[in-house]
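Next come two complexes built around subunit A: one with subunit B, the other with subunit C.
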Partner chain A sequence: MSPLLTVLPAAAGALTESGQTSTAEAVLFWTLGPLMVLAALGLLFARKAVHAALAVIFIMISLAFMYVAQGAEFLGVVQVVVYTGAVMMLFLFVLMLVGVDRSDSLVETIRGQRWLGALAGLGLAVVLAGVVGRATYGPPTGLADANLPSNPQAVAYLIFGQHVLAMEVVGALLVTAALGALVLTHRGRLTPKVGQRELAERRLRTGGHPVSLPAPGVYARHNAMDVPALGPDGTPLESSVPRVLRVRGQEADARAYAARIDRVLAGGWAVGAGTFTSDESYRGGPDGPVEGAVTIREPQAPAEDATPEEDGR
Partner chain B sequence: MSVLPMALASAVGDGAVAPVTADFSQDVFWVWLVKAVGIIVFLLTSVLIAIWFERRVVGRMQLRPGPNVHGPLGLLQSLADAMKLLVKEDVTVKAADKFVYILAPMIAVLCSLLVYAVIPFGPEVSIFGVVTPLQLTDFSVAVLYILACAAVGVYGIVLGGWSSNSTYPLLGGVRSTAQVISYELAMGLSLVSVFIMAGSMSTSQIVDSQTQIWWFLPLLPAFVIYVISMVGETNRLPFDLPEAEGELVGGYTTEYSSMKFAWFFLAEYINMLNVSAVATTLFFGGWRAPWPLSAINDGMFNTGWWPFLWFVAKVWLFMFLFVWIRGSVLRFRYDQFMKIGWKVLIPAALAWVVCVTFVQAARRLWDVDLRTLLFVLAGLVLVGLVISFLVPDKRREPTPRPTGPQEIDPFADGYPVPPLPGQVLPPSPRAQRRLAATDTGDTSGPETPLEVRGG
Partner chain C sequence: MSLTHYLVLAAILFAIGATTVLLRRNAIIVFMGVELMLNSTNLLLVTFSRMHGNLSGQVLAFFVMVVAAAEVVVGLAIIVSIFRTRRSASVDDVNLLKS
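This part shows the complex of A and B:
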């Protein structure tokens, strides 16, 4: 058996001697065919544009299966690479940029449009039914010859031999269209472009903050968003608290926390003013922890725990 | 079997006669099944090892051990991670488009699993008495089929980003669309030069055409372009813009959890294995043994099951490259990334394809041996290089280097700048006052400001 025929079992067995399709291909067709029709209907009736695009993608990939099953491997795979992989992808891209959630408005803008559309569709259906019903197919032959030496090469001979002029003309047309789109959408700049560098320089010239703003709550225990950070000189930095909290007036008082830190550093208790805990059982008295509270510091003379609130900077 | 000698005769690409080299005529149903299941098992275990491998190697590059607790050398770490993902709560976002939301990870995984079907692991072997190529299938447009699978796989990312109905995933999905469209072009164009040289798009025949020389050497520019675009195609650092943590939280995976996230994760790693396998097959000789080994014992290492080893080794070479790049390169800014794709890679790939076409046409017309041609071309390049060295450089006016430390104005443009090497700051206001005070005949002399050295 020549390797050409063993490559793709479906392709090889596409036609039996009498011109009938093989069982495998028939099964493939009668599985994919109805699904494709359903997907095509979905394209018509889908509310969301992305669902319609999905239906088209399904039809394209199923068509590729059909092509490959009929021995046109190159066409089938290129169909997926070009149409599904690039064209539909660009289509989705545009859909996403334009607005993904918008479903089309169903208000008729042209009067009688629906009736005309339905009438034209009916006419097309009648014509198609007439043509397809009267058509007769002779036994197809010559697939193996057409695919010699191999499918892509045979296609290449056709494209770059027989139809080279048409290909070149189409290519020129596409390049012209692409260039035209570029020219039509191009516009000259009225003002010089402001890039990252220019923006940074402008911000610094106008006295802006050179780096990112300080993060809030850099205390050991209070890293909540509403606690302002302390600057090197001990002043609370208003800008470290998110603007929203400041506008709402939900900013915590930094002085209380600063006082508490001073007290702890001086050997006092981490309770009292500035303690920020919801754990009621842990809250001790101002002079020391309640019974059983876990502390890491030995109790010291209460005299050192002096006037923390006034000491806050 | 009659194809093999014929294909060998046309090994270095004088236009292939048969569409496919591998002979699948002996295959029966259960052989296909064994191969397909083997590929799935190979991919899944490779992904588990790849995750561990990546974390260990990146760890070594960052001077830390990496996962080393679970199992020998931490090998079971990724298994534990996978189990954790499996038993996590599966959250479905309320506003999500449910059908597409569930479909997206399926598309990603399915398409990534398809690619290895046409990758040749080795030459003909005997599986339970059936002589068959170590490859599931092959056909005349196998490499295009790989590109098609990769293209459809991106729909997983795009639809996942869209269906989450959330800002960051949508941005990730849109980015990935643009990224894949631009980098697929460069990738496809870089593969075209291999098609031209090998005279075929079937993977087995491309491997067969590399008996004399692996294509990465004569087609080095195409190989470089492929390696760059394969990193872009798999959304890996430095091109991981669709899931850039610092900008987009998690990109298209932000709203995914549990098994659905695991599927995206799986697809990403399988895609890495896929592009590595394609690079191996098209540029690195596929399953062929590297040179000194291939000469041993009349090519013993190119027969039987040995080539499987070389193939896997080469794939993991590329996997290491992925990790190495991740460990050493920073993420690109989006406009830089697009500029590289459209203004550098695609024009370079196009120019290279034209060059290769001319060379191949010359070979066909004048019937030159490939090796002679390559030597002639290499000689031409070498002569050009030597001549370029002989041409004297344009003499540039030597700018007189300032001697001694230069004093700078630290507030020249309105904001403070530190001094560069060789520059000094003017004395501070306090020092100036002190200098003025001690100006009248002090023994210690004026303070010289500290010069910044080094750099």
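This part shows the complex of A and C:
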């Protein structure tokens, strides 16, 4: 066992003869305590719910530190796992569902509620702190004897011995809570389920495209979603470009790419093996497109001869 | 430093949590105020457990944690279902029982 593990249970929660804590614990308390109060005030005054959730997470982690410092190592770990790891993450999930940017309404439904609430909270703080702080307690015992052989083991003896019935009841409570959450968030289906078969039948009934749409164009110089494919007769197929790009007007012109291919086929683009000339070096044929080049046709005019789309590329 | 400081800190946190419940309108923040109150009670229990040299306080704090977890699950489910039907997470909008 490492020295830390053997030292820690004796050091954590140890008290001096006069019932005072160790200096290290005092430093921890006076560091974390004011920060915790500040974070709690952050929960009270934060405009955004996410900031409030972060403040509460800070408070809970600090509380875990304090538990460990007070000799409750088991509770410290459970605090981190259950509260910070599960409960607050659940809060963040629900914030994500409900909408992060929703802030409080500033309309008072009960008149003067804000001042009354602040006054009540202040009064509660004064009364609680006054009573708890000014009461006389007996000399503190410390957990040195109770934590034998170690804190988790001693707590386990109590939970599974003296309080085993409560443990079972709490298990039933957890199962009930999980079921309750399932039932509460269950949403009945209002419309019949639309599956793959129904979708296909509906598409055929409305006279749509029976099979999947053609893929976008693949050219020697360009292979992207925005270039329409060419049909067997050389017409650009509008439906091959994704609908979103068409709606946005980001569809590329097939002619621009076909013109470049013509240049390549005319021998103007690629000169030697692996070397390329610039666009300016291309002079082109005097008689327009050379033999075997891609010809883009207008969609309205169906062509008689099939354009040799595959040869040469 | 005596152990009373922990108790005063727990009392302050509890009061701030209660004030949050009283003042805030967002149901989720109100819920976090409830969580803060439960946590401060746990700190109180742990401190008293150390004062008396008796682990029953820690066992009770453990059960408080478990019950709080169950409470959070059900409460957040209620908030989500209310938000689905009314499109609002404000506690002021849930006034169907008002005449």
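To be clear about the criterion, the second predicted complex is superposed on the first by the 165 of 313 C-alpha atoms of A that agree within 3 Å, B and C clash if a C-alpha of one lies under 4 Å from a C-alpha of the other, contacts with A are read in each partner's own complex, and residues count from 1 in each chain.
Following the convention adopted for this analysis, contacts are C-beta pairs under 8 Å (C-beta built on N, C-alpha and C of every residue); 3 or more make two chains touch, one makes a residue touch a chain.
In this text, all values refer to a predicted model and were calculated from it rather than measured experimentally.
J.: Looking at subunit A, does subunit C or subunit B touch more of its residues?
T.: C
J.: Quick one: is A:97 in contact with subunit B, with subunit C, with both, or with neither? Answer first, second, both or neither.
T.: In the superposition, A:97 touches subunit B and subunit C alike.
J.: Which of the two partners, first being subunit B and second being subunit C, lies in contact with A:190: first, second, both, or neither?
T.: neither
J.: Under the stated touch criterion, which partner chain does A:211 make contact with: subunit B (first), subunit C (second), both, or neither?
T.: Touch partners of A:211: none, neither subunit B nor subunit C.
J.: So in the superposed three-chain picture, is A:247 touching just subunit B, just subunit C, both, or none of them (first/second/both/neither)?
T.: Neither partner.
J.: Considering only the touch criterion stated at the top, classify A:145 as touching first (subunit B), second (subunit C), both, or neither.
T.: A:145 contacts subunit C only, not subunit B.
J.: Return first, second, both or neither, reflecting whether A:158 touches subunit B, subunit C, both chains, or no partner chain.
T.: second
J.: Check whether A:120 is in contact with subunit B, with subunit C, with both or with neither, and answer first, second, both or neither.
T.: A:120: touches subunit C, not subunit B.
J.: Classify the contacts of A:86 with the two partner chains as first (subunit B alone), second (subunit C alone), both, or neither.
T.: Once the two structures are laid over each other on A, A:86 reaches both partners.
J.: In the overlaid three-chain picture, which partner chain does A:78 touch, first (subunit B) or second (subunit C), both, or neither?
T.: In the superposition, A:78 contacts both subunit B and subunit C.
J.: Do any residues of subunit A touch both subunit B and subunit C, and if so, which are they?
T.: Common interface on subunit A, subunit B vs subunit C: 74, 78, 86, 90, 97, 151.
J.: Okay, in this complex, where on subunit A does subunit B touch?
T.: Within the complex, subunit A contacts subunit B at residues 1, 3-4, 6-8, 48, 50-51, 54, 57, 61, 64, 73-74, 77-78, 80-81, 84-86, 89-90, 92-93, 96-97, 100-101, 149-153, 201, 204-205, 210.
J.: Which of the residues in subunit A come into contact with subunit C in the complex?
T.: 13, 19-21, 25-26, 29-30, 33, 36-37, 40-41, 43-44, 46, 49, 52-53, 56, 59-60, 63, 66-67, 70-72, 74-75, 78-79, 82-83, 86-87, 90-91, 94-95, 97-99, 102-105, 107, 109, 113-114, 117-118, 120-122, 124-125, 128-129, 131-133, 137-138, 140-147, 151, 154-155, 158-159, 163, 166, 170, 173-174, 176-178, 180-181, 184-185, 187
J.: Of all residues in subunit B, which touch subunit A in the complex?
T.: Residues 3, 16-20, 22-25, 27, 97, 100, 137-141, 144-145, 147-148, 150-152, 154-155, 158-159, 162, 165, 170, 173-174, 177-178, 180-181, 184, 188, 200-201, 413-415 of subunit B touch subunit A in their complex.
J.: If we count contacts the way the header does, which residues on subunit C are in touch with subunit A in the complex?
T.: Contact set of subunit C toward subunit A: 1-20, 22-26, 28-29, 31-33, 35-36, 39, 42-44, 46-47, 49-56, 58-59, 61-63, 65-74, 76-81, 83-84, 89-90, 92.
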